[in-house]
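I have a structure I would like to understand better, so I am pasting it below and will then ask my questions one at a time.
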Amino acid sequence: MQARVTVSEEGASGGHGGNEVDWPVMDQAMIDSIMAFPAETQGKGNQSLEPTVLADGTKEFHLTVAITEWEVEPGKVVEAWTYNGMVPGPQIRVGVGDKVRVVVDNQLPAATDIHWHGVMVPNSMDGVSPYTQDPIEPGGSFVYEFTTREPAIAMYHAHLHGQVAIPNGLFGTFIVGEIPLPRGITVAGREIPDDLVISQEIPMVLNDAGVIGLSLNGKSFPATQPYTGTVGDWVLIHYYNEGLQIHPMHQHQFPQLVFAKDGIPLDHPYWADVVTVAPGERYSVLYQLVDPGVWVWHCHILTHAERADGMFGMVTAFIVDE
Amino acid sequence: MQARVTVSEEGASGGHGGNEVDWPVMDQAMIDSIMAFPAETQGKGNQSLEPTVLADGTKEFHLTVAITEWEVEPGKVVEAWTYNGMVPGPQIRVGVGDKVRVVVDNQLPAATDIHWHGVMVPNSMDGVSPYTQDPIEPGGSFVYEFTTREPAIAMYHAHLHGQVAIPNGLFGTFIVGEIPLPRGITVAGREIPDDLVISQEIPMVLNDAGVIGLSLNGKSFPATQPYTGTVGDWVLIHYYNEGLQIHPMHQHQFPQLVFAKDGIPLDHPYWADVVTVAPGERYSVLYQLVDPGVWVWHCHILTHAERADGMFGMVTAFIVDE
Amino acid sequence: MQARVTVSEEGASGGHGGNEVDWPVMDQAMIDSIMAFPAETQGKGNQSLEPTVLADGTKEFHLTVAITEWEVEPGKVVEAWTYNGMVPGPQIRVGVGDKVRVVVDNQLPAATDIHWHGVMVPNSMDGVSPYTQDPIEPGGSFVYEFTTREPAIAMYHAHLHGQVAIPNGLFGTFIVGEIPLPRGITVAGREIPDDLVISQEIPMVLNDAGVIGLSLNGKSFPATQPYTGTVGDWVLIHYYNEGLQIHPMHQHQFPQLVFAKDGIPLDHPYWADVVTVAPGERYSVLYQLVDPGVWVWHCHILTHAERADGMFGMVTAFIVDE
């Protein structure tokens, strides 16, 4: 294997025209890396977290924060910071008007807290220690309690030590109620059916730093999850950026209808084949599978999807049947 | 104090699971850094610049460009490049149709000029030396004269040596007339009152490089200015990016109504809890204070708001009373 | 000449207040660099590629992929990866419903393929080897065949080894049919005439990495192409980002009407003086030349337009006659 060819993000310089590289070796390495998809790894993020329903109807959830092993790509196991042992943390889904109670047990060596990014909560529940609460000490616990007020496509993550904790894995998705879908409208001449049926709803959580690194839902290609569907299906995706950089997410072929920003509907959706998501942002998009085949779906910052010896990082694919 | 823990923006790699860090020390450093807010420092940017009104009604402003000391955060004094000794430079506000005259005295060791970014001016006043004027030599002066044509949420900054001069502090805000506010409209089901009253208008100038570094209005947390208000208030903010990177600005809790881009109203505003501002861009947003408490407001690139030993940089807070 | 003064994109640090720099020398270097525009270099990208029309009406195009010399700025010749010897590759323009055939001859030392980014094609023509086809081996060839379905403002580029191949020059523009222009509408109080006539259509392809580096249409200032027009002209621009970073493109004076994203019209265009384009994105804008003069047009990431010893990279100008 050759020494890695690096392309500077600074642009500028230059140098290798390519003739000094052993290209047959690199070609094969690239092909091998791509054909390795989908690869099995231990652990799956975004698993649904079921509440205990208390006598007064409160939905109680339990989150344990700890440093646990996480297999980012085949054979690459890192010391991740996790909620309930997974990256992203378990998905929490509640209704509007629900009384929510989240019990957090901190088994980290560091103090922590949880900010409900995009959810309207009272200030005492905003998770910004030491302003709105005391930090949750190692071995300690804290109970977040609030009643949801409106629909949200939101995230939860640490705030204290955020620049270490979040890239290392302390993030999850939090959905309140139902985001209204665009139905029976025409956008740039394309109709969205009035009787729109969503075949699947996909959380797509982006990260690029810490021990997890460049990843989709906590996994790096070829360990990223493939998605499958049938021609004609309508797919709903929520992008969440928990990283430190923007990620322009490119769906091959299917134009994405961007219809909500940070969980709030746009009065006028628009189409895009690249949806750029900055840190902290969420975009909700809708699209229809049009043609059969294997359609890759990746960040278009090329160095987030490929390195000289192979495809990696922020890449997955939609496999569409007739 | 431990050696600084670094999280690479390149993502990738990994390493520290956290166990080698002395977390109790880091926890305390983090808490201390947060509780230090708001901290006193010398100097305040964005001060209003009053014109001399000449016989023919012309509004004459004076700007002196020099290298002066600037306290970015408590005890960190840098050799900033300043207009009238402050960062951001003084705020200039004029009406539509005003005759404007700006006398610039250059006390820098380098030549300079001023570009009126976002203001329609004749080419000879565009401040792009040596194309539209000769550079203003050290010790020299230049008079910019133009009549404003339309409302603007604009900036002024050096163009020559811009990549050194601007990050080091040579920027200010320039407002022409009144930007029309959205009134009596409903956006995503949320009403903006017809009789909207703005309780305060906040310029929020972003920077990330040079001697000033990661900062809001020329100051790094905990020296950033806190903002105060009362439940029910409507707040108007103009973001201006004078740095080299995007900054996704996150307001805890209050969704921001984005209603103008680069000072020009959007026909269809939209809501966001993260507003991403790229270099050179301006976004104008409106929001209402809903709940009492201390609501932090920061760039969501985590390394722009926190380092291993504490909160810093692009962070401030809205302190809301009942 | 001084050692280069660097301003970290990381912000933070600081140091040089400027007094240690020999500013008269730097001032002159800056002026000289700016006055060198426009500079002659060998080679011009985006040249129109004429098809051979076959008996059944198919439009056949030929692309040869090779490493060839490319003069990025005066005297800086690099080993670029090119289509038909130019950067960007030749512009391909076809109609909706056209049968298109593109014969690709690979003279690179590496395998390659071509992805039609933004064009709806069957999966077998999507150019993602080894999924949708075998890689085109060095010395080999491949024929892409598809019938266009709808208008597109698209790009073509390598997919295999994309992070090396694309920054090094393997990209071009691909236009299908006519994008509908906004006519007879009013946006933020500004009217677009019903009888709008476009005086020129400009492809503006952005890059920032590889051997080409920070550039507009394959050239670095002062070798970038100047644009000329007359007061009153309406200009149509398509931005295409083939680089690794966002580029906020600032037109001095003329507000740009953003009316299409990724080649699909926005139902509600908006005005901006800075249009931020992320990797893989395309934005189509329209604007009118209002005042005579030399109006610079550049990326507003200052370090993409200037270095300590002069203007360079992503800068050009519109020269407007009365």
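The letters A, B and C name the chains in turn, as written, and every chain counts its residues from 1.
One rule holds for everything that comes next: a contact is a pair of C-beta atoms (placed from the backbone, for glycine too) under 8 Å apart; a residue touches a chain by one contact, two chains touch by 3 or more.
Since the structure is predicted, the reported quantities are computational estimates derived from the model, not experimental observations.
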| item | value |
| --- | --- |
| Chain contact graph, described as a line, ring, star, complete graph or other shape | complete |
| Numbering shared by both copies at the subunit C-subunit A contact, with half separating same from different | different |
| Distance between the centres, which are taken as Cα means, of subunit C and subunit A, whole angstrom | 30 |
| Overlap residues in subunit C, where contacts from two or more other chains coincide | 246, 268 |
| Residues of subunit C touching subunit A in the complex | 67, 78-81, 108-111, 115, 117-118, 120-124, 126, 128-132, 135, 137-138, 160-164, 166-168, 207-214, 243-246, 261-262, 264-268, 278-281, 304, 313 |
| Subunit B to subunit A touching residues, read off their complex | 5, 7-19, 21, 23, 26-27, 30-31, 34-35, 187-188, 246, 248, 250, 252-253, 255, 268, 270-274, 276, 290-296, 300-303, 305-308, 317, 320 |
